[in-house]
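Both complexes shown next keep chain A, but they swap its partner, so chain B is in the first and chain C is in the second.
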Partner chain A sequence: MKLKINRSMIALWIILALTFLVTGLVDSYFFSIPSIGITLQLAAPLGLLAAGQTIVMLTGGIDLSLAMIATGAAYIVSVKSESGLLISLAYALIFCVVVGAVNGIAVGVFGVNPLIMTLSMSAILIGVFTVGVSTFLRGSSRMPDLLITASSGLILDPITWPLIIWIIVGGFVHFSLTRTGFGRVIYAIGDNAKAARLAGVKVWQVQIAVYVSCAILGGMAGIMLGGQSGAVAISLANSYLLPSVAAVVIGGTSIMGGMGSYSGSVMGALILSVLSYLLATLNSSEAFKQLVYGGIVLALAWVYSSISERK
Partner chain B sequence: MKSRKSMKPLFAAATSVALVLGMSLTAAPANANNYVIGVSNGWAGNSWRETMVCAIKAEATLSKKVSKVLVSSRNTDAAGQSADVRAFISQKVNAIIINPGDKDAINPALGEAIKAGIKVIAVDGPVSAPGAYIVSNDQKKYGAAGAEALAKAMNYKGNVLYMRGISGHPADTLRDEGFKSVMAKYKNMKVTKEVFTNWDWAKGGELAKQLLKPGKFQGVWTSGIDYPVVEAMKTNLRGKYIPLVGADNNEFLRQTKELASKGFVGIVVSNPAVIGGAGLKVALDVLDGKTVASESLLTPTAWTYKANKKEIDSSYFVGQEATFSSAVKIPGYTTFSPAQLFRCKAPQDSDDGARA
Partner chain C sequence: MKLSLREQYWNLSILGLVIILTVWRSNQLPVFGSYEIKTIILGIIPIALLAMGQSLIIIGGGINLAIGAEAILINCITAKYSEGSDFATSLRWALLGIVISVIVGAVTGWIISKSGIADIVVTLATSFVLIGFALFIQPGPGGGVNLDFAKYFIGGEDSYLAPLFVLFLPILLIWLPLQKSRLGISFYAIGSSKDAAFLSGVNVARTRVSLYAVGGLFAGLCGVSLTAITQAASPFAVISNTATLNSVAAAVLGGVALAGGVGGLFGPALASLVLYYIPTIMLGYGIDPAYSQIIQGALTILVVLVGGLLRARGKR
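After this line comes the complex of A and B, so read on.
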């Protein structure tokens, strides 16, 4: 088991190194220190989204409302920041906890299929925020300067604040999954929920905790995306939903649950970020770029599954 | 069995409610001061589109000629919009204002509406249905106006980062024609990089951060995804701003104002969401029997803070969100004040006394 995971991680490192080299050959500026800093800065919010998605997917679930949770948290922070940064962050936290808890209760207590539940939640949130923008959430959606710095501020090339935040939060997620009882029951539920319940695990409580954690991580990612844009639109994180799932799958977490790791998802997020840079610098048609992106993601998932299935 | 029995009165009640409803709808009078307007918007959850719908409502209320504005605003495609149009036909509206998601695919439904004597007005984008009226920003001139101002700001030389909208989208294609026709005039200006933002704020910001490098470009043209590019200039160019073409987004106006003293030249090209109000004006003119051109094109303006300080100052709304379309009036078409627009009330839910 141990050997298998190591072999997959080596494969992911090789893939990352290859995409890194190819990108550098296409655009030599990519190898420069500021450029590496920017790529890592852009990978940070995706890495946080993938952290949330990893936790949920390890239990055999998925969170399709993650992008709207991220957007919602960012929007709330931006609009409420006039009443103080901490208060606005508290509002966003409450929002994430409530939405995550509703997802978790529906999935864990009422047994709603996570795909259906979170897809509906996403649609509901779009509706709520569409109305909110002109009523209870009316106001300037500009991000406070402190959060702009936290999302894109440079410390010392190529180290940026978002990278530091990602390392701290990501380290905590990795530690929780690998070294704590909470982590172990997440894997146990994903592996066999019935067996976990018979062994005395209160599965529904874990499910709620999982969806709440996912929503909080998504909220952080959303605030970071908002900070990087300078202001928040209600479509802010839409285009990050599929990459958040793709990063986790490329990183080798099984969509059936019970197998995988956050370190794999980190690699997935880094590979996708380098890939995104590569596509941005290529001078080819948009259709071709989409084709390349889809093809590489598919190939990576295939390479990974064939490696990890080999004994 | 029992449940079927108990369903009967319920069914009867539902039928009678439906009948009464149907009658009240078919009874909607079509005389000159009691028009019913149907609005089909195929993209919900988008600030620009919300403002467009609010402009229709506000203008309808002020006109005192409209009794009801029925709005179908949802995320849908040509098939969904066709269904909306057919629903409006059965509701016997007098005019339909539609922001079409497709130029041709909604035509069969629109044709049925026109045949039924309903006036059809396409706003923001064209439809090819014969007999339909089109009210739209002149997208070709939109591309050209920004490009011309950019050329001037760049002193007619240097490399341009060209950030378009959605590949294949009709508005993007027209803007591209306008943009390139201007670029062709200036031999010392060159588009060295062309990308598509898909009109997505996060993607636009990401692309700008990946592509902007010190000294590589002397100017940027965007199809409206503007303010994240200014953020990217702060991080990537360490505050050495280069001229940027954007749209009338509230946050971009703020940046244009506040960063002018730091050497930033923002070029604000108008793409007013209140074009919905212009669509309503055209609808009323047609219903009143006035002669109206089948296509009304608005000419976009390109503002810089140096030349249009007054306009930019008065168009920026502190309390509005970042992507709010700040051009809140179209002279000759709209009559509402910003406050009336923000209230977003249709005649039937308005307390303006328009129907009194």
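After this line comes the complex of A and C, so read on.
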């Protein structure tokens, strides 16, 4: 087991190194410190989204409403920012907790299939925010300055504030998953929910906690994305949904749950970020980007699953 | 295959809901004649075809999150190359489009079988690839089709016979024979339990490829019908995602269990009427159509919830 994880991690390092080298060969500017800083800065929100997705997928679930939760949190912060930064953040936090709790209660208590639950939740949120933009959520779509700094501010090249936030939050997620009872219970549920229940784990409580944590991580990522683009649009995090799942899958977390780690997802997020830098430098059409992105995600997931199967 | 009592009740209650909504809708309109009926049928054809494709795949234990993208791709291919063409060319491209869709479906099934990656992940990735192809072929809204060809789908001025045929022919010609065939039964078999199916001599990998190929057939029909009905194509991920969500919602609403192995294609076809009516009736009242997304999402959750509770009670 230990050996297998190491082997997969080595494979991920090799893939990351390869994409890194190829990108550098295509665009020599990539090897400069500022561009590495930018790549890491852009990887931070994806890393946070992947953290949420990892926790949920470890329990055998999936959160397809994550992108809309991220957009929603960013939207709420920007609109409510007139009444003070802390209050706007509190509103966003409440939003994340409520949406996460609804997801978690439906999945954990009522046994609704997570895929359907979160897909429907995503549709509901799109509806709510589309209506909200012209009614109860009318207001400035500009992010507060402090959050713009926190999402893209430079400390010392290539270290940026979002990178620091990612390291702190990601470190906390990694610690929770590997060193705490909560983390162990998450793995237990993903491995065999029935056995976990019989062993005395209150599965539904854990699942609510998992979906709420996922939503909060998604909200953080959304605010970071909003801060990086300066203003919030309703499609803000849309394009991050597939990458958030892909980063986790490439990182070796099983979609059936019970197996995987956040460190793998971090590698996945880094690989995908370097990849999107590469696609951006190729100056290609949107069609080509989508095609290559989807293809590479599929190929990486395939390579990974065949490596980890070979014992 | 005989429907179980539960499925019959389920289909009957959906039918009741459809009748209520039809009456509701007909009261909204000043006249409710053959033209209005035709509009309704044309509105549900693409939703119903996609819902049937998705339902079949779910029955076989899979799920295809790229099914909307598949339909949009075929829509773009046929609309691009049939623009301003004669009847024969439009027909040829329609047939070719369906063949391409079947191949795309088969390749998807093959990748899932061969790689061992979960259906969700593979189809989430292929949805990007397919939309990429669609954008390649048709970079923006546009395209067209031969009008004589389109007539076979949309019918004449006031006649709703042609669209009715388009809606029912796939059920009669594909679903009914398939349901009784060895292949159809093996779809149900791998949907209920892959291991049991394998042990009883079903070639799981090959069945799965056929499953996604038949799903692709429905997606292709949906794409071609979109071209004929709208006489244009728009290669946008938003549209394909909404279409995919609709197809899953219709499958669930139509009594197809997400765990696989349970359900049929009549229920989802009926359920797509419900999904068509919700936004249409709301628009009739002048309500922002964004609300209909909220209602539809909530309805889907509710149906899965009630279905799950009923099943749990049935087991006890």
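Quick note on the criterion: the second predicted complex is superposed on the first by the 302 of 311 C-alpha atoms of A that agree within 3 Å, B and C clash if a C-alpha of one lies under 4 Å from a C-alpha of the other, contacts with A are read in each partner's own complex, and residues count from 1 in each chain.
As a working rule, a residue touches a chain if its C-beta (ideal position, glycine included) is under 8 Å from a C-beta of that chain, and two chains touch if they have at least 3 such contacts.
Being a predicted model, the structure only gives us computed values, none of them experimental.
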| item | value |
| --- | --- |
| Touching partner for A:S120 - first (chain B), second (chain C), both, neither | second |
| Chain B versus chain C as contact partner of A:T130, first or second or both or neither | both |
| Which of chain B and chain C A:A287 touches, first, second, both or neither | both |
| First (chain B), second (chain C), both or neither touched by A:G230 | first |
| First (chain B), second (chain C), both or neither touched by A:L93 | neither |
| Which superposed partner A:A106 touches (first chain B, second chain C, both, neither) | second |
| First (chain B), second (chain C), both or neither touched by A:W302 | second |
| Which superposed partner A:R142 touches (first chain B, second chain C, both, neither) | first |
| Footprint overlap on chain A, comparing chain B with chain C | 126-127, 130, 285-287 |
| Touching residues (chain side chain B, partner chain A) in the complex | 44-47, 50, 54, 167, 193-196, 198, 200-203, 205-207, 209-211, 213, 227-228, 230-231, 234-236, 250-251, 254-255, 318-323, 342, 344 |
| Partner chain A, residues of chain C touching it in the complex | 63, 111, 115-118, 120-122, 124-136, 139, 237, 245, 248-249, 252, 258, 288, 290-294, 296-298, 300-301, 304-305, 308-309, 312 |
| Complex interface listing, chain A residues touching chain C | 62, 106, 110-113, 115-117, 119-124, 126-128, 130-131, 242, 245-246, 249, 255-256, 285-295, 297-298, 301-302, 305-306, 309 |
| Interfacial residue positions of chain A with respect to chain B in the complex | 29, 34-35, 38-39, 41-42, 78-79, 126-127, 129-130, 133-134, 138-142, 148, 152, 154, 225, 228-240, 276-277, 280-281, 283, 285-287 |
